[in-house]
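Order of writing sets the chain letters: A, B, C and D. Residues in each chain are counted from 1.
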Amino acid sequence: MGAYFSEIFRGLQSLAIGLGITFKEFFKPVVTVPYPYETIKMSERFRGHIELIENEDGTPKCVACGMCQRACPSGCISLASKSVKYEVEVKGEMKTKKKKVLTTYDLNFTTCSLCGQCVESCNFDAITFSKEYNLASDRKEDFHFDLLNRLEERNS
Amino acid sequence: MIKDTVLQSLRGLFPDPEPVVEEIVTEAAEGDEAEGEKKKPAKKKKEPRNNGVIEHDYAQYGYDIDVQLDPGELLAAVMIIDKAGFFLESVTGVDWIKEEQLEVVYDFSRYDFDTCRVVIRTRTPRAKPKVPTISKIYPGANWHERETHDFFGIKFDGHPHLVPLLLPEDADFHPLLKDFKP
Amino acid sequence: MSLTILNAVIAVVIAIAFAALNAAYLVWAERRGAGRIQRRPGPNVNGPLGLLQPPADGLKLMTKQLIIPGGADKALFMVAPVLAMAPAIMSFVTIPFSENIVARSMNIGVLMIFAFASLGAMSILLAGWGSRNKYGVMAAVRAVSQNISYEIPMLITVITIVMMTGTMDLKELVAGQSGGIWNWNLVPSLSSPLMPVAFLIFFICTLAETNRAPFDLGEAESELVAGFHTEYGSMGFGLFFMGEYANIVIGASLITILFLGGWGCPLGLFPGVWWFLLKIYLLIFSFIWIRWTFPRTTIYGLLNLSWKILIPISLFNLLFTAGLLKVF
Amino acid sequence: MSGPIHIQPGETFILNVGPQHPATHGVLRVKMEMDGEYIVKAETVLGYIHRMHELMGENRTYPQVLPNLSRLDYLGALGYTHGHVLAVERASGIEVPERAEYIRVITVELNRVASHLFWFGAFVMDLGGFTPLMYAIEDREYILDMLEAVTGSRLTYCYYRFGGLYNDIDDEFIDRARAFIPRMRKSLKKYDALVTGNIIFRKRLEGIGPISAEMCRKYGATGPVARGSGINFDVRKNEPYSVYPEFDFDVPVYDECDSLARYYVRMEEMEQSLRIIEQGLDKLPEGPIMPKKKPKLIKPPVGDYYQAVETARGSFGIRIVSDGTKNAYRFKLRSPTYSNMSLFDEACEGMMIMDALALMGSLDLVIPEIDR
């Protein structure tokens, strides 16, 4: 009989403790961010989708070596290049040299897993992560990024 | 040490211990090289590794005892393992397509601090893969064997419910076979 | 004659309006309250403080298609939500909000409310059975056994009070407690020393009768998906929802009338409807507070609580009070 | 509560719990044969989120598989990637700098706390209490923010590299981690008062869902499930890997075998993890985070390698059969919940559905990790 009542009493006591805790929480300030009206700043190392980095003259740093393409586990990077002849002055002479120029750099963001292997594999520091995170669309095509285009848009 | 007792009782499974023991000595001495030959017979020898017990260096391979035996002796070996108080880690397969064989690998480990990881392997012809089930001894092997059946098409003789587990119910393909084309 | 009918119609319309308004805004209050307890704001986008959320929800529910699952018993399926809402509204008719604000005063008001309240179990049973869903049937069976076993201690407690006061008229029950907090039934007196226990029992039973957490076994989201209203969408679901909240208001009103002195002020000053509303909303807040604090009980734990704890104690209380009444 | 069952022939019905059910936390399906509220027989049906990570592991080079591992278990991802890098390092004999290993341990333990926190919330939500989940998520958010600042992502980390780390931690991380420990201890006290002491909660778990030690062994259950059944097994202690031998921590073991014991184990594990983090921050050596000479291409020598680690859910094993090329010949993932879940069919027989779902919650399921 004593155990019966002590169990009831202890049970009620434990319930009261729980109620006390939620009551205290009731008066504490909210911790959420009202998302569309306020956003939080992404941390410095946040890995968004990739973005090309430009030289001082606005052209992409990328030399189209294709390392990122090979490193990508999901095969979402495709790039193309053409070789361009250009002249440089070496020891007072004009010499014609060839170099690869990036013509397209497509990122298929639908299959990208944001692992960052591409950025790591790049030996020329030509790609970086963007800080964009609220990307939403109901069309698949919106996530086929033409990074070269984006770079131009950023510069203009 | 549980390792020694298990080693002893597992060695007892092989009726003709002399050549096996010899091979163990040579293989253990040669280390990596021998392991290489055994695993990749395409390079030098065409024959797969002989049946027998090998003691391994835990630090290098992650397990202590490596047993290869015929499917017929599997249940006896698992019985020994069960008596010694091991638990079943996993069952899986490896497709050795060049040797026309499928290997079933059983991992066992222990709960106490007398650490000993045992790997039991058995090989079965690729054309008609069939090994006895151990789900009578370890009920937990039920799912693992079903999964191995899914991926490799190995028939587990006596398994109570050998239907696809991870693959769709009507799957008739075995994705982890090396000649699988999606 | 026609005037009485008109009176009755007006009373019912007011009752419906009060019930619907309360139901709608209690949902808002519940969500805001839950939000605060969980340290988030709750609905706050539509209108100031999110006050336009309930009309928006209602509009959404009304514009949705009512889907009747194949193989369901159509008649039962359609009638169940109505049965959830109608008795709740009917009960409002007899509840006195203050000395003058009462739609129809009856001398057996307590009986009438309990008669209507027991219909609530019926609607759950019909909904679960009629929707031809295994989860629904399981939930319905649970809810009915729960409602039956909690009606017993509840009624025993009410009998104790009726015995003490000698009336079944809700108005007279309140009148008997007027004058201040020391006159309330909640406060133990010489002839009824166990009244706080009776209050606690009645409170728990109200929670269980209204299917509120921690006794929401009829819904039991993590076990039975949504319980008896799994198959309901659109306004069918809306009616269940409103019925639930209307029942909560009735439960809170009953507690107020039976134990907390109705429209009387704790100090005996300015009695009136405001005191009544204050009391019921405080009680409703505590319902919300409890819901968002505790996990759900099990069905056997629930029945054990009723049959092994609440019924014996309330029976003892009844006999004890009867004895004391005889002595004093 | 398991009760006597008198099944009338033809009186049972099949209840499909899942694949879309609030209690299964994902796309798990349990086909239950029910007699009223009692379960007569249960059969778990898997594969709804099967992605064949093992085949991906064979088709991709070793570094390319790195992001896959964190997709196994999205709650405790770092533990799984840790297992992977350790396995490949063991196979190809890469030495890891001490600082990297310490940071790995700190982040793994942080992730373990985050995983257990989420489990705690979800488990109480299984039992019908919603609010503790929100409190748990608030604390977990702190960890995720911290890990995001150092790894760059919130759930599916790709932080460890063969031989070291992706990038070093900074002082800000250390400060935040130090601030986190007392905060978390305070929160744990709050959870204790709010949930552990609660009579409804205890009544629902005490003596419910017994899993005996022998059953654990037969099914290969590991992690908190085994430790709740009185088995003192923790890979961190039994087969020490990484720098765990240098830490002083206890392994909580409870003998009650019921759901409450499993709850206690996880709650205490959080405290132990905090201890490890504390020690790790104190002992954190200076130095590089990548080895000086790291092979450019990872090609482990021919062989069959196994590595077990203790993740938040139990012993995770990874077997790499290498044929000396840059792709693995066989890439086997032994996921702990797979074994833990396999005993559910037997354990829940004769239980009421609400208790069975409480038992399921106490197993700490992450479905992508079962299905792989």
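Here are some notes:
Basically, a contact is a pair of C-beta atoms (placed from the backbone, for glycine too) under 8 Å apart; a residue touches a chain by one contact, two chains touch by 3 or more.
Small disclaimer: the values here were computed from a predicted structure and weren't measured.
For this structure, the chains sharing the highest number of C-beta contacts are B-D.
Chain closest to the overall centre, judged by the mean of its C-alpha atoms against the mean of all protein C-alpha atoms: D.
The distance from the centre of chain A to the centre of chain D, each centre being the mean of the chain's C-alpha atoms, comes to 27 Å. Rounded to whole angstrom units, the spacing between the C-alpha centres of chain B and chain C is 65. Averaged C-alpha coordinates put the centre of chain A at 43 Å from the centre of chain B. Chain C has its Cα centroid 52 Å from the Cα centroid of chain A.
Within chain D, residues 131, 135, 138, 194-195, 198, 200 each touch two or more of the remaining chains.
Of all residues in chain C, those that touch two or more other chains are 37-40, 292-294.
Chain B has no residue in contact with two or more other chains.
Under the stated contact rule, the graph of chain-to-chain touches falls outside the line, ring, star and complete shapes.
Going by the touch rule set out above, the chain pairs that meet are A-C, A-D, B-D, C-D.
Taken in their complex, chain C has these residues touching chain A: 33, 35-41, 44, 289-290, 292-294, 309. Those residues of chain A lying in contact with chain C across their complex are 8, 15, 18-19, 21-23, 25-32, 34. Here chain D touches chain C in the complex through residues 1, 13, 15, 21-23, 34, 36-37, 124-131, 134-135, 138, 194-195, 198, 200-201, 203-204, 352-355, 357, going by the rule given at the top. Taken together, the chain C residues at the contact with chain D in this complex read 34, 37-40, 134-135, 138, 141-142, 213-214, 216, 220-223, 225, 292-301.
Interface residues of chain B facing chain D in the complex, by the touch rule stated above, are 32, 35-36, 39-40, 58-63, 66, 85-90, 92, 94-95, 105, 107, 109-113, 115, 117, 119, 138-140, 142-144, 151, 164-168, 175-176.
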